[in-house]
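Paired with subunit B in one complex and with subunit C in the other, subunit A is shared by the two complexes that follow.
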Partner chain A sequence: MTGKMTPGWLVRVRLSRSSRLLLLLALAACAAAIPSVASPYAVSLTTRFIVFSILALSMDLLWGYGGVVSFGHAMFFGLGAYAMAITLTHAAGIGGTYLALALGVGVPAVLALALGFFLFYSAVSGVYFGIVTLALAVAFETLAVVNRSFTGGMDGLYGFAIPTIGLPGLVQVEVWGTENPYFAGVIGLAVCYLLARWITHSSFGTAIKAIRDEEPRLELLGYDTALIKTILLVITCAMAGFAGSLYTTVGFVSPQLLGVFFSTQVLVWVGIGGRGTLAGPILGTILVGFLQTILSGEFEDIWPLFVGMFFLLIVLFWPSGLYPFIQRSLNAARRRLGSAQVGA
Partner chain B sequence: MDTAIFQILNSLTLISILLLVSIGLTITFGLLGIINLAHGEFFMLGAYTVVIGGEIGLPIFVTLIATPFVVGAFGALVEQTIIKRLYTRPLDTLLATWGLSLVVRQVVLIVFGARQRGSDALFSGTVPILGVDYPAYRLFIMAMAVAVATAFFVWVYRSDFGVKLRAVIFNRDMARAIGVNTRRVDRTTFAVGAAIAGLAGAVIAPLGTINPNMGLSWLIDSFLVVIVGGQAASGAVFGAAFIGGSESTLAFSMQPVVASVLVLVFAIVALRLRPQGLAGTGSRS
Partner chain C sequence: MSGASHGDAVIAATGLTKHFGGVAALDDFSITVADREIRCIVGPNGAGKSTLFKVLCGLLKADAGSVRILGRDVSGLNARRVARMGVATKLQIPRVFPSLTVHEHLELATRVGMGVPQLLGLRRRRQAVAADAMISQLLEDLGLAKTRDRLAQELSHGERQWLEIVMMLATGPRILLLDEPGAGMATEEKARTADLLQRLSERMAVVVIEHDLAFVQLIAHKVMVMHRGRLLTQGSFDEISRDPQVGLVYLGSTST
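Right, the complex of A and B next:
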């Protein structure tokens, strides 16, 4: 599937150790400053995008690195959100929150395991996975609408207990309002980013990239590619479920979260940002997210049209996406700067 | 006894509908191996062609005959502009055709509005059959399914074009070497697949409601048929019988949503146990 696209993980801006550290500190300072300078609305919106970035990051691990196309990745996000919200309806407090988080991550992971067992261990090609996830996402969305007593139907879920984290009896933090969910999101994203970075730089990461590029060869070399893909699916779906659990603190848990259109948008975030890079999906989520907020406020019908055209764009004309483009431009600029200094 | 006969006739109707919808997909996906997620939109365009035909006052049988040509032409355009570039990239075809389906859906929504449309049937009324009065149009759909399936088999196995098509499927390079215009075979085959999807939309439209989002559920149904049936030419028949039979039997005793989810689970399990499909022989890659 990579064909003509330059794999983003090959193009890397080389920064010295100290400038990397500086950049990281600057990013952390910005992240810490946002709640005190921005309006509560802007902070909540940013929190949503941060939570969606985690989802996009997990989609990118699956699609950009593993070459597995899923039209139902948001389904795992939605399942995580529903598992969290339903558990919190029945169990409050710190214990309830930890149980809810465990289920929010665990339920999607178990479904992913089952899906991997049936689809990756079968002798069918990757396109079947895409089609089956599409059908599953539609089915889950309909089920959530129909089973009113369990999921609240179209109205969604609300009025569940406030998620509380900390140590029982010592520290207790309610993850609610504007600031606390924001910081929970930022920490969650940082943890997931580091996890993704660790995965992609490990030998497991090399294996999934190899599966994306040339699965039959890896199979011939004796790798159990079905097992590797199943593990990847379980990890990424658990991550999506974690993002969904975080989402319950900022957003509305409704059937749309499970649906195909939401999954489609996640693919667009990753594709526009740059699949196969770690910063790309985060960048794509935030940019496309703001664009959507601006556009769909004005013309609601136009947005899905844009999403469709983004798809054609990232497949036919711009497979590498934004982040590798920025990296290349930065590198070129630095080279020009360097040669100018040498000339002077 | 009457209810049993009705039940059997109803599941035959469902099987016929599924067969009609999935023959187009059997052509593009089963034979050419192109994954076309805009298949449901071809179906929807077929239904809308009938609606427009009715609004400008054309007789229904004229629009029924015209629909495959209209949708087939659109299919040829899609093949020429999008599919052509992606024959060696199946996963990207999946994404590109999904993008196309969103665009088509949304353009239809903007042009025609979101409201439900209906269309008149070619004829109405009931006819007595096996001791019950059954809607004539449903019998017409069964006849259409049989006719289209037969025409499809004749086209693939008995026509000159079918020989070229099978040669291209069997060995593309060798077919080109002996002078088959493979580009033309690809384009024509894709257009015929789209045309049959459009015809199915036009024929089935009077039974349900017509709206810009109708394509998705038909897309899923027809892919399930082809997944379960297999990519061979006869796959659609087996798949439609399996999916239609189990769905109508299950829907008899439970919520329709639960029934369709169960059918989906069946399909996933079937994919594991029989990856080549009910009709297939080899493995798929």
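Right, the complex of A and C next:
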């Protein structure tokens, strides 16, 4: 409507139900076809980016919708990955995998609950919350590096049992190799996306957007905003932990997964894709992932510089991100088409 | 003790004192408001009006004095608890949620006090269904029906003030505290707002802080004049506008 720049979360999708369904079907068909047309290397890369996009999706719920900036969100991803890998080191098979998954989701969730309880209920918010998460991410990365016996130190963990899902004695699927991890990632992303969509479309979603806009007003209206933020943190960190658990199908986990650098990368993916849009961060992650792969092949040391420049360009020209820009362009094109038909 | 004597008092605050540094924003101030009463509080800048509201709604703790709301001592309660007792507060600066639609504001207002499972829609309460019907009714009544799906940031200043008031009403309050509800409104909008407040006072207690005496005259009920944290005088609009003391502290330009 307005020509002014509007933040990503203000742009509403105007796709009809049927065209959205068609788009989804096409997307699903593409996702199903990828392993049979792409090289195993490309499929593995895609798997990794899909898993990362679940992490970006959870960051979008927390930051894009709830306005809570965390500089250590990857820490929960790393915790999930380590919890899964450590459990699989000691317990194999289907039972071990389910236990590992439960811990991969549960450990980050419990840490988030403690963080939310101690920080949000003492009114620590905004940049101070960001600083605490930054410090924690550094602490956890260091812990993983120095603790050789438990976490494998600098080398990380590898050689743990193959994650196996299914029903004991009936069906058994090893999530290993190229294709199975890929499909596990796609299904995981679909489930998380639907969950995120359900949350953002509920009254809880409206409440977290209100917190982002004017937290004191919502509190004055009678809402327990600290509780809502704590629950949001628990949900998003559990989702990040789930993504981390899926990551173990790559075969190894390393301390970098917990670190600050990785956390800032997540912020970049969400920012490039468009915060507060759900689909944007998924797009941003996969796009930046491939860009990064190409660039790091060509320029071994200075590739982060290019990714940084790309990010700055986006911030300068499309501050609300790529996805809202695409949406706006599509809408403008449709309007032009519509008016042309009226004129004819 | 005193609660019995103010049988139908919805607000009974006594001896409120609040210092900021060396300045007394409230100095032994007392106020009693009956149910279905409309009360105006006027006074020059810095008289302590806004501080009074913040103490009443639980945002600030008074240094001394007590606040009873609906018969209950609320001195130790935070703003959220006071709000859930049925006190809806609008502070001086109008505050709405810019990226939410008008309908979403009311959706939130009607769900105050619901647990997170209800907010997520895991457990649908009959209450929520009734709330949706009430939202449509409120929007219709207050002439905001056509702005239902617009974002708050697209509304005019006056519409935003109205939205905030409608949002407060949707919580089903028993007491309305309004700090400068007419600020930034055109004369005609102010008249409409005054009319609305009159109608609301048939159902609930309404306390209004206002700077603009012309607007106060439109409401023209009991008026309290504050000056330096104390009660200067009180009475009907005509009484206080004839009071020479009021003219002295208050710009010297009261209406005739």
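What we mean here is this: the second predicted complex is superposed on the first by the 313 of 344 C-alpha atoms of A that agree within 3 Å, B and C clash if a C-alpha of one lies under 4 Å from a C-alpha of the other, contacts with A are read in each partner's own complex, and residues count from 1 in each chain.
Here, a contact is a pair of C-beta atoms (placed from the backbone, for glycine too) under 8 Å apart; a residue touches a chain by one contact, two chains touch by 3 or more.
Nothing here was measured: the structure is a model prediction, and the numbers come from that model.
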*asked:* So in the superposed three-chain picture, is A:R217 touching just subunit B, just subunit C, both, or none of them (first/second/both/neither)?
replied: second
_On the A-aligned overlay, A:L136 touches which partner chain: subunit B = first, subunit C = second, or both, or neither?_
first
_Touching partner for A:V69 - first (subunit B), second (subunit C), both, neither_ = first
*Specify the partner with more touching residues on subunit A, choosing between subunit B and subunit C.*
B
_So in the superposed three-chain picture, is A:L227 touching just subunit B, just subunit C, both, or none of them (first/second/both/neither)?_
second
_Output check: A:L330 vs subunit B and subunit C. Expected answer is one of first, second, both, neither. What do you get?_
neither
*asked:* Taking the superposition on A as described, I'd like to know which of subunit B and subunit C A:L21 touches: first, second, both or neither.
replied: neither
*In the superposed arrangement, does A:T206 touch subunit B (first), subunit C (second), both or neither?*
second
*What is the shared patch of subunit A, the residues that subunit B and subunit C both contact?*
1
*Where on subunit C is subunit A touching in the complex?*
57, 59, 79-80, 83-84, 88-89, 91, 95-100, 104, 107-109, 111-114, 116, 118-121, 151, 153-154, 167-168, 171
_Using the touch definition from the top, list the residues of subunit A that touch subunit C in their complex._
1-2, 7, 9-10, 198-199, 202-204, 206-207, 209-210, 212-214, 216-224, 227-228, 231
*Quick one: in the complex, what on subunit A touches subunit B?*
1, 3, 67, 69, 71, 115, 117-119, 121-128, 130-132, 134-136, 138-139, 142-143, 146, 260, 264, 267, 271, 301-302, 304-305, 307-312, 314-316, 319
_Of all residues in subunit B, those that touch subunit A in their complex_ = 35, 37, 82, 85-86, 88-92, 94-96, 98-103, 105-107, 109-110, 216-217, 219-220, 223-224, 227, 255, 257, 260-261, 264, 267-269, 271-272, 275-276, 283-285
